[in-house]
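One chain, chain A, links the two complexes that follow: it is found with chain B in the first and with chain C in the second.
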Partner chain A sequence: MLRLPPFEYLAPKNLADAAQLLAQYGDDAMLVAGGTDLFPNMKRRQMTPKFVIGLNALRELRGIKNENGNVVIGAGTTLTQISQSLNLSALATAAGLVSSPQLRNAGTIGGNLCLDTRCNYYDQTFFWRKAIGFCMKKDGDICLVAPGGNRCWAISSTDCAPVAVALDASVRLVGPKGERVIAAAELYRDDGMDYLTKARDEILTEIILPPADGLRSTYLKLRRRNSIDFPILGVAAAVRVAPNGIVEHARIILGAIASHPVQAIDAEKILIGQRLSDDVIAAAADAAFKPAKPMDNADAAYAWRKKMVRVYVRRALTELKEQN
Partner chain B sequence: MPNNHNLSVIGHAQIKIDAMGKVTGETKYADDLVLPRMVYGKLLRSVYPHARIIGIDASRARALPGVFAVITGKDLPIKYGIMPSTQDEEALCVDRVRFVGDPVAAVAAIDEETAERALELIEVEYEPLAPVMNIRDALDEKFPQIHAYADHHNIHKFVALEFGDLDAGFRAAEYVREDVFFYEGDTHLAMEEHACIGHFSADGKLTLYSSTQTPHYVHRALEKALQFPRGHIRVIAAPVGGGFGGKTDPFSHEVVACKLSMLTGRPVKITLTREEVFYTHRGRHPVLMWIKSGVKRDGQITALHFKTILDGGAYGSYGIASTYYTGALQTVTYKIPTYKFEGVRVFTNKPPCGPKRGHGTPQPRFGLEVHLDKIARELNLDPAEMRRKYVVDDGTQTVNHLTITSCGLRECIDEVVKASDWKNRKSQIPNSKSQIKRGLGIACSSYLSGAGLPIYWNDLPHSGVIVKVDRGGGVAVFCGSTDIGQGSDSLLAYIAAEEFGLKPQDIKVFSADTDLTPVDLGSYSSRVTVMTGNACIQAARIVKEKILQASAEKLLVPPASLAMRDGVVICEDDENRKLSFVQAINLAEAKFGTLTGTGSYKPPKRAGPFKGSGVGPSPSYSYSACVAAVAVDTETGEVKVEKLFLAHDGGRAINPLSVIGQTEGSAYMGFGEALMEESAFRKNMHKIPSLLDYKSPTTLDTPELHAILVETIDPEGPYGAKEAGQGPLLPVPPAIANAIFDAVGVRIDEVPITPDKVLRALEEKSKGNAPRFGPKDFPVIKMPEAIKVEPPDAKHAPRLVQ
Partner chain C sequence: MKQILRLRINNQNYEVYAPIHKTLLEILREDLNLTGTKHGCELGECGTCTVLIDGEPVLSCLILPVAVQGRAITTIEGMADGIMPHPLQTAFAELGAAQCGYCTPGMLLTSKALLDQNPQPTRDEIKHALAGNLCRCTGYTKIYEAVEQASKT
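== the complex of A and B ==
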């Protein structure tokens, strides 16, 4: 089997120690929680940190609690635990669709939100990447998906991020200069390489969900198989419908079609002030479909993946219409 | 169902003798073995798809502490290969690499990490050559030639055979149809990656422990590649964690582990990574097919003309046999009076293709069965009934000289028609308005129960068994056959237990060890049950006869009145006259000396009188029929296979549980090939060499599997058994394709049937274009003149009805 590169594993006992170690070792260190993303990547030499700081012993990062009407989820809470928490609605759905049961038992919500962007030119062994000619995300200079351009097109492949954004969640980041709370949408950047706005010395500690307040939400995931696979499209949708049936608030966030979760703003605008009729839903689905530009760096034909945006947005909104 | 009353073990559900060891983790697979002073080997592989090797500098690797040896092609210059006529493989490439992943150098080091570091220090200078990446490039002579020995440039092999008067057959037809199909390549995906240990011991003898399906052929290849006498080499097949044909060639890592051990004097283990297994490959050939048939209005076939082009990858492997197999078994299901087959295998710069479950036959079966479905639709015939009407008869020969000893295909069709409620399928009942449309499709197939001829020409037995009975009551069976999970060790135990009136748990089986066990050719071509089974019966009955004779003398009864059952030798006429098994064998040993019996099996000689007749003959053929029930999402093109009904005539089911398991396993694998598995290439490289990205169905994707056993009692098989390990895969992909047509009226003439292809065909249909996705044409190739072969003796052969 593939062997891990040599590294030193550090096991801080609390958040302060973890932050201190991260500050101390800087770019030579990486954080690990469940390890379901980092360790396979290390085996393929996509990352070769000298120090790996394990967050598993940090009790303060675990668990789900209510605070001032918000639901606060510790970043170290496993995806299995989240998937079994019914009050988390679409986030529970998304967490339950990540990979396989074994990996959900190990993987955490914080890890899923910070999941490395994926690309089938990048998520390969060192040997494979060497044979094809390294890409800019690791060891090379160009993007093999779009060699003419100057950016990396690796795909945001987290199931939980589109939902967190759709639910207007925020995240708490703790660093050497203190802590800050930012909107989940602000955590991501449209850049396959530098895809998080989290500084390297910050630790994501919490996900904060605002009160549901009648919000209807759902998450649909497209993938080849019913288990194991990363999304090749994720649609997180949330609407708030007034008693008279008019949509007051709408969020449609597309995952796995770009380097960041994409807000389908035009589609959202179509919904606001309207009833969720089949025509309105179809128009919104069309508006989400048009700007979507999946590329040829994930499973399945990319033209088909684009077509599925329309189908999946329509299905997600239809589900919300019926969700009463 | 056959009568199993006189049999106490055979025909009854049994637990496999190795089951508990496997489920408790006790079984030691090749990678679990650890020998004292063992070191680890790793292979440096080519990063070019096609290149000359200008030079290799391994000095820095050799200087690395912890490195014991570094070797290159110069250390192993002798070519080998599974087929005698295609000895084109080098353990390490000498002067040319032919695909990304071709091994060029190897290291033995104190651990795998050190070996990997050493590989990084080996400098190879290459001169790149233009890569040949698909069938069309291989037919284009402007690309460089990959092997000098090919029939023509990059055409490895031409086969052209004509049986009977094809033109007359087409003249007799009332409807003629042509189609083109493509079946993408895929791989075995056995859970266990290949692993081996080469051990050159202090006594100057060499032992290889390996996860191989064919220790005998590896034994032969090691002798040649290492130039070391076979009598001093021992090959032991460790328990194999899945084979499916992926462990039937002699491999580079096996030769290299032995060589490194000979150089270092230490045991050397090499375990491939999953990615390396994708490069080692020998999986399903991609096959482009053209088919033209003539039929009567009721579907009776009058002529069949079939062409294939196989994308062979970089080496010969079993490719010549694969090429013949794409044609040979097309005749074994339905009566076909005239048949022409033209096959071509090309070399490309991809991992070599070889035998995967069904070896060369799922692709043509897909083409034929979808083609027949189109004919049935065109002629307004029930696809099941049309097939059923012209099933071959027992005791006949096909137009290409294959002998049908028993055929349960008609019963198989009846069973799946009944189980699937075929008569009420969609074309009979309109679908709802939902975007989900349901349909049923049927397909049939046949497969051989063991190749009638060995890989290399010889007149020796294909399988040998020794049975030894110990005076303490122990029964040991020795056989070269290799248990790859299919249950061949258990089979030997069931047979010995049946013959001696014992329980399978009373039998000890020693298999797949070239020093201890008589030769068996290996676990391929579904040959083991029939061949080792017959050899085992023969060996056991020799011992049994001695036991009965000695017992008869003691009991003062004639030997013919004695039976062995329930652990005793007993007189059928007077049940008070009996001996315990141990008493009886002690009497026998006293009378005859050490109690052993040997058995040997050679298949009947049935090859036809023409060149190329060696591929296709078999002691018997299994038959399968499948109905697939699918639900197609017309918005996404996604196909959900809801149920697979699979009836299989594997002759007598020696262990019905195992036969059901093999049938279900085959159905699962065929389903995966039909919908998602594919060896995809991009930029001259395998696109997805990992378990995550190479899509194989999970349990959540797998349909409900309904296996139905149809037990003909075949005259050639042990207790009437035929094969079950491969045949049931064959009808699944075409049944699914036909069901999709039944559901939504589009033809996907290409495997795998991905949602994208279905949706595109649906879009074409809604535009009023041909509702189809598949290859558009078949290349024109200048073929040699076909060898014309007279059909066999007219009274046995199918007749052309004028």
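== the complex of A and C ==
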């Protein structure tokens, strides 16, 4: 049996209590909602918190509501609930593509946005990692993907983050010093270890989506099997097209090719002011392909994963062209 | 850290004095002798340990019992009505929808959750519902057929 390491479980009754406990226990504590990311990691001894603070009793973190034209999603809302909310467009699509039905029934949107970065050399049992030599993300001091470098290349593998960034969503973080709202894009950092800008004593409580206002959006996910697997490439795309067919606003965000969701800025620039013709789409797909640099630390050959960036961006934009 | 856990499993109340970090799967199998729930990967990748909580399929290997106190837990032991098998169990038996049988408890419970919500699913809906349950004998076709047969009874 692969068992959890011992810990003390704390069950706060409300958000204020949870924030207070997190402040009190500091680095010895970790938050858990669905447990679908943290518990496998704990079983592999990638994390061994002394205190686990359970958030799943907090009703205030659950549900989807409309506020001043924005859609506000509680961080504790399950991925199943999000996938069934059609007004969330591409976010519902992405949530519905996470892992399997059982995991989506337990896993939450907040947990998916804060998903630990992943790597073939890191997501292994303690025995495996010890045998091959520990990496810097846990217990060691070198990167086994790029041993000459001095950084961790673990991959941002959340399906919902690229979509949240593409939809210009923001997130609310609550901590001991109060709360702040930041753009979803600013939640992430290009560092496989320190991948979130959320402080350790902050709790992600809400995802706020601005009014859709005619925005077309989609999310495409590449993986070996059509279920259970994490993405080895995710493409979130969103465009706003004027009545005359000209693209006014474009976002193309690539997931699972780096330690953070990557904005394909050059590809976006190509789309602005143009019609979504096949030539323009091909040029944008090419521009998104160039900066994508997947490393050899996930499933499938990394050169193929890079090639698929062009293919998936083209498919995503073609879908948006036909979407009304 | 040990604690008394109060669990409602298959319409029966249980009190267990156990370490807080034992998963629901471990409590079911090791403390309550409900060994119908199987352990597979124990990392959330295979679906073998599926149980229903308030009717929804979830993985018992990733659930802390303390977090599901007061909720209705259904395991494979609670699926039959006394000695009468559930229509899904009958269909699985009649159609040979089990080879080694290890994935069967999880398959049955996930299928039950599907039929409880959607009594007449299409083949595609069955495939999507069972997309988190692996069968290493790869006997999926007979499993889909059995769910379809059960949906007609």
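FYI, the second predicted complex is superposed on the first by the 324 of 324 C-alpha atoms of A that agree within 3 Å, B and C clash if a C-alpha of one lies under 4 Å from a C-alpha of the other, contacts with A are read in each partner's own complex, and residues count from 1 in each chain.
Simple rule for what comes next: contacts are C-beta pairs under 8 Å (C-beta built on N, C-alpha and C of every residue); 3 or more make two chains touch, one makes a residue touch a chain.
Computed from a prediction, not measured in an experiment: that's the story for all the values here.
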Which of chain B and chain C A:Asp139 touches, first, second, both or neither: neither
Partner chain in contact with A:Asp266 - chain B first, chain C second, else both or neither: neither
Touching partner for A:Ile228 - first (chain B), second (chain C), both, neither: both
Partner chain(s) touched by A:Ala106 [first = chain B, second = chain C, both, neither]: second
First (chain B), second (chain C), both or neither touched by A:Met1: both
Partner chain in contact with A:Gly35 - chain B first, chain C second, else both or neither: second
Partner chain in contact with A:Asp168 - chain B first, chain C second, else both or neither: neither
Those residues of chain A which chain B touches in one complex and chain C touches in the other: 1-3, 6, 100, 226-228
Touching residues (chain side chain A, partner chain C) in the complex: 1-9, 11, 35-36, 39-40, 43-44, 54, 56-57, 80, 99-103, 105-106, 226-228
Complex contacts: residues of chain C adjacent to chain A: 1, 19-23, 26, 39, 42-45, 47, 50, 56-59, 61-64, 66-67, 110, 128-129, 131-134
Chain B residues within the chain A interface of the complex: 45-48, 100, 112-113, 116, 193, 271, 273-275, 635-637, 676, 683, 685, 687-690, 692-693, 695, 697-701, 754-756, 759
Complex contact set, residues of chain A against chain B: 1-3, 6, 100, 120, 123-125, 127-128, 130-132, 144, 224-229, 299-301, 303-304, 307-308, 311
